[in-house]
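After this come two complexes, each holding chain A, first together with chain B and then together with chain C.
After this line comes the complex of A and B, so read on.
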């Protein structure tokens, strides 16, 4: 239904044809364009209804202030001023910043090393290994985090037994001091395989003749890997970095799920997204939560833009 | 190349927005389908959200005995899961059920959002005599009644008699004796501890404070912008410092409550005592991996002053009518009637292990003399819980209870980490709650 309506609307809106001045090619272009719009329409409808409209509504909400006692008033950008001077929000941003510094390199290194090794092997084992490294990504994030919650548990996890073998007490993975590393581990476990596949695909796309040339010039395996392969896949690496940067700044699912077993170590406002979630759904401050979400969106946008700008050479965007 | 850059940025912006912005727009969907079977298909239906165990039988009973109205029941999640959905439905102004199960501690949080209907005009006061004084006070605010009490949580001490006998520990009646018992157990070299002190105990922690006379909040929905906050009274500080002492001496553990670890520790003998509400036995029996030799008994909650015992309550729930209800009178009839009979309560007690706030059941010989096989035939109601329920005079909760509990958890966690003592924890809690209430537009009386 939506399809035909969109097409009709398009027809009605297009200006009357002035055939004499137009060339044949021009007309064909326009006709093509119309078909193009038609093909895009299903996506466009969904995009507008489920993304643009909610975003606009959330933005509208973020311009109003609603407190429990006094009701809703329009306050313009006051919520944003509050957000960017809110120590909880800024503290959360600082925390995801730390996560970005540790977690992104960890994932990148694991993914890159795995991809480089797999690229060099051509045995059946390599296919199996590739699958195995990728499997964690196929597990839904919530399930993965729940599973790690059990693995970290002193009672159900293997750590107590393993450390017990050598007569040591197992560390408490869910304590305040170790929760950071525990979360880094979960994310790296889950995402390194996915990034590995991206990097591996890029490596496969390189013409093997280049390696041959490098080898003839006297390069050894390590040099080929670091001096030939890595530079040639730098645009994929930048893409992986962007993915993981955005993911890390919006860190939510893993800490939210682990919170169920470590409520002290992971407070409700651990990351900006968790803060927005609890503001909206635990404390019914939907307006301020919208402002926090948009503020985070702004930070993510600026961060990604800066990053792309800095790496424009490597990414091949320039 | 320029367009490619722009396109990439566009994609990033959209992806970023998709992941951050969508949280505000989601709305709960009205569940048209019921979990239960509708007996009388022509009668108007009242939708109900509740998570009571064995509730389906109660619903069936109601539907079979009512010609003019039928209950359409959905389990929308337990506690906070349900509240999140309900809260979203309030915000989006549609999708809430007609009748909703709420714990009494969150009633004020919803009345302030005008989400609940005052039931006095639908005859709530006519059934007032059917409920205990404390539970009725929990469900009302000023002259208004915002919910009909269902079950309560008078507190007692569940203990492992086998472990107490093994280490020859007398059953403590005061908190001083309780500490001695904890010390005895530790000195005897037991693997376990006497009890766990969860920093996320929320209402449990609050109940312990209440035993020392804490009145954390003053709130009345007739003057909705005034709230009194006093969480750092000396009584609460004494209680918290007592517990912090036990923690720092290593006499109790501080595991989070309601996790899989905690559940196992409850039943495998790691904790010799479970400080519980009257719904605790039901909770305990539902857990797996139980110690086969476990011998559980119930004793009254230890007291600060044995001569002047104070009874406290942990949890307890109600049925409220939402302001989105299509037929409020009918909804009120359901809220009052669904657990308003002895037959319904027989299911609630025997299958759901609930502790009624419904006085006719409480006063019945059946309930008083009920022997619980799980406790070796002990008449736990007669010996402990009825007395505890009778002594409970009600409490008042804040309209931002969830926030208050989250803050309490953070302060307690910081305390058991050794970063601060109990007095500072509560002073900080007071400061943060006053600040929050002021920001939310309340006039705060300290």
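After this line comes the complex of A and C, so read on.
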């Protein structure tokens, strides 16, 4: 009895549970595995310098406060208390939340419908359409926003003419009340094609024999699309949703570019990122700006983690 | 019942074409009306996605007064064709700085994109094919990093770089662009599936070292994923706006995105001599051409590749 316990205890203590004997081959293998570090190291250096270090530094800065009277002092979590009770930051968070609720479904629906339609066709027009729907992805976001800024503008845009045809006055796309929808439109235009390609590629990967089986069971085209195809590509859809969620919460470029055109409709603190940018570069409040950036990062991180957790069944991730 | 009818002709299929073809052909027989509907829907989508680009192409041929009050309206050509004079003006305005911006964009996109791809290929291979100590910890950290919004890093990166005097140099744009956790993730997933361990072991038994095994055996098999990661990182750097906006102030170093945005802000501010609408539009048009051409001509490389991440 005592012997076995001792043996067990010894077993439990010895660190590597595997490898009852260390042969020459085993040692050689372990030496070889160290090559893994060499392959990973260059990326590791960049990862440490441009991800871990800025994050750590931002956190460190966010724990300090710089005022003219006292200089830089350590103030602990005061900046976070300030951030999460700052109506401007909370307002920005709420706004990107609203954008997420409207913009993500808009992009998903356009992308999914386009992909499902394209998957059913193999005509010249469908091939052409696939490319054309994708093309906005090749346009830099800034240029896309500039372009839409022109199109929305009553001075340059076609809206006056188009609405004039049916005898209506064109809406002001850049007014306070409509800027939200105008931004949703720009983002949908820019990204739906990219998501469409991802979903489309996933659809092409399904074995068509499954449709045959569904058809024999009496499913019609729409049922096949919604009950067979969509569930089978759910992992791609989850990936697309995560991309667009992360992208939406850090909304910056489009409103920043449109700000110049839509005077008054977009304040400098429209989204959390814009707020952090103006705090840092217009007011030199780098400590508070770091706290805002860091808070936004945490919110995005937790948000996407929660989302992945909720959809883990669909995505197949563990 | 309706389902049984078309099925009757399946056995008479002359050359025993595969199931795909049969399904598609049947579709065309039964859903004739739906196919017209599908095509109409596609046309509507194409018009929506292409109209802004059409506007851009047309607008690039107008001078400033044509932009405001062209004879053909915003979506058609003006009487005068000014594309070439606009391009010539781009060479003159502020000493042709536009072309410098365009060159900078290329330079940042290529160096940042190629660098990020090299790092991602190496790291993906390391993660997929070696079981080194700390691998799983590092990889979970990396997966978490995929979800860190890159823009949240911009301001801290700016402060870090300014402490070591790198702000307002090309390095301030290139070095942070080398970070691509998603690229590493893609390369790992792809490497795991595309390269069997037995193949690597065979190369080792034949006496190839680890590096030689990587370069001569693994690398050629990774080509599709490499092209995809390269494309994604080049496009990512080319698109980048927040980072260069924050870390660059020397006009000579700006990429074309930030430069054009500055022109637009100045023109909107309304100072008479600064209103260069025709240059903004033509500049935007010229700057989108390279990537559009690249995407259209490299179709076969990216079409399958963009879905790699979902092959889980």
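Definition applied: the second predicted complex is superposed on the first by the 285 of 318 C-alpha atoms of A that agree within 3 Å, B and C clash if a C-alpha of one lies under 4 Å from a C-alpha of the other, contacts with A are read in each partner's own complex, and residues count from 1 in each chain.
The rule is short, and it goes like this: a residue touches a chain if its C-beta (ideal position, glycine included) is under 8 Å from a C-beta of that chain, and two chains touch if they have at least 3 such contacts.
Just so we're clear, the structure is a prediction, and the values are computed from it rather than from any experiment.
**Student:** So in the superposed three-chain picture, is A:215 touching just chain B, just chain C, both, or none of them (first/second/both/neither)?
**Tutor:** Second partner only, chain C.
**Student:** Just checking: does A:296 make contact with chain B only, chain C only, both, or neither of them? Give me first, second, both or neither.
**Tutor:** The answer is both, since A:296 touches chain B and chain C.
**Student:** Given the superposition on chain A, which partner contacts more residues in chain A: chain B or chain C?
**Tutor:** Here the partner covering more residues of chain A is C.
**Student:** Report for A:68: first if it touches chain B alone, second if chain C alone, otherwise both or neither.
**Tutor:** first
**Student:** Can A:312 be said to touch chain B (first), chain C (second), both, or neither?
**Tutor:** A:312 contacts chain B only, not chain C.
**Student:** Regarding the shared-chain residue A:250, is it in contact with chain B (first), chain C (second), both, or neither?
**Tutor:** In the superposed model, A:250 contacts both chain B and chain C.
**Student:** After lining up the shared chain so the two structures overlap, which partner does A:81 touch, if you call chain B first and chain C second: first, second, both or neither?
**Tutor:** neither
**Student:** Considering only touches as defined above, state whether A:109 meets chain B (first), chain C (second), both or neither.
**Tutor:** In the superposition, A:109 contacts neither chain B nor chain C.
**Student:** Have a look at where A:277 lands relative to chain B and chain C in the superposition and call it first, second, both or neither.
**Tutor:** The answer is both, since A:277 touches chain B and chain C.
**Student:** So, A:154: does it touch chain B (first), chain C (second), both, or neither?
**Tutor:** It touches chain B, and chain C stays clear.
**Student:** Identify the overlap between the chain B-contacting and the chain C-contacting residues of chain A.
**Tutor:** Shared contact residues on chain A (touching chain B in one complex, chain C in the other): 51, 54-55, 57-58, 61, 150, 155-156, 242, 246, 250, 260-261, 263, 273, 276-277, 280-281, 286, 289-290, 293-294, 296-297, 300-301, 304-305, 317.
**Student:** With touch defined as at the start, can you tell me which chain C residues reach chain A in the complex?
**Tutor:** So the residues of chain C touching chain A come out as 3, 7, 19-20, 22-24, 27, 31, 34-35, 38-39, 41-43, 45-46, 48-50, 52-53, 55-56, 59, 67-68, 73-75, 118-120, 122-123, 125-127, 129-133, 135, 138, 142, 144-145, 147-160, 175-176, 178-179, 181, 184, 210, 214, 235, 238-239, 241-242, 245-246, 256-258, 260-261, 264-265, 268-269, 277, 280-281, 284, 287-288, 291-292, 294-296, 299, 303-304, 306-307, 309-312.
**Student:** Once bound in the complex, which stretches of chain B touch chain A?
**Tutor:** Touch list, chain B to chain A: 1, 4-5, 8-9, 12-25, 80, 84, 87-88, 90-91, 109, 112-113, 199-200, 224-225, 256, 259-261, 264-265, 399-400, 402-403, 406, 409-410, 412-413, 416-417, 439-442.
**Student:** If we count contacts the way the header does, which residues on chain A are in touch with chain C in the complex?
**Tutor:** Residue list for chain A touching chain C: 32-40, 42-44, 46-47, 49-51, 53-55, 57-58, 61, 110, 113-114, 117-118, 120-123, 125-126, 128-129, 131-144, 146-151, 155-158, 161, 189, 192-194, 197-198, 201-202, 205, 208-209, 211-212, 215-216, 218, 221, 233, 235-236, 239, 242, 246, 249-250, 252-253, 256-257, 260-261, 263, 273, 276-277, 280-281, 286, 289-290, 293-294, 296-297, 300-301, 304-305, 315-317.
**Student:** Which of the residues in chain A come into contact with chain B in the complex?
**Tutor:** 51, 54-55, 57-59, 61, 67-70, 150, 153-156, 176, 242, 246, 250, 260-265, 267-268, 273, 276-278, 280-284, 286, 289-290, 293-294, 296-297, 300-301, 304-305, 308, 312, 317-318
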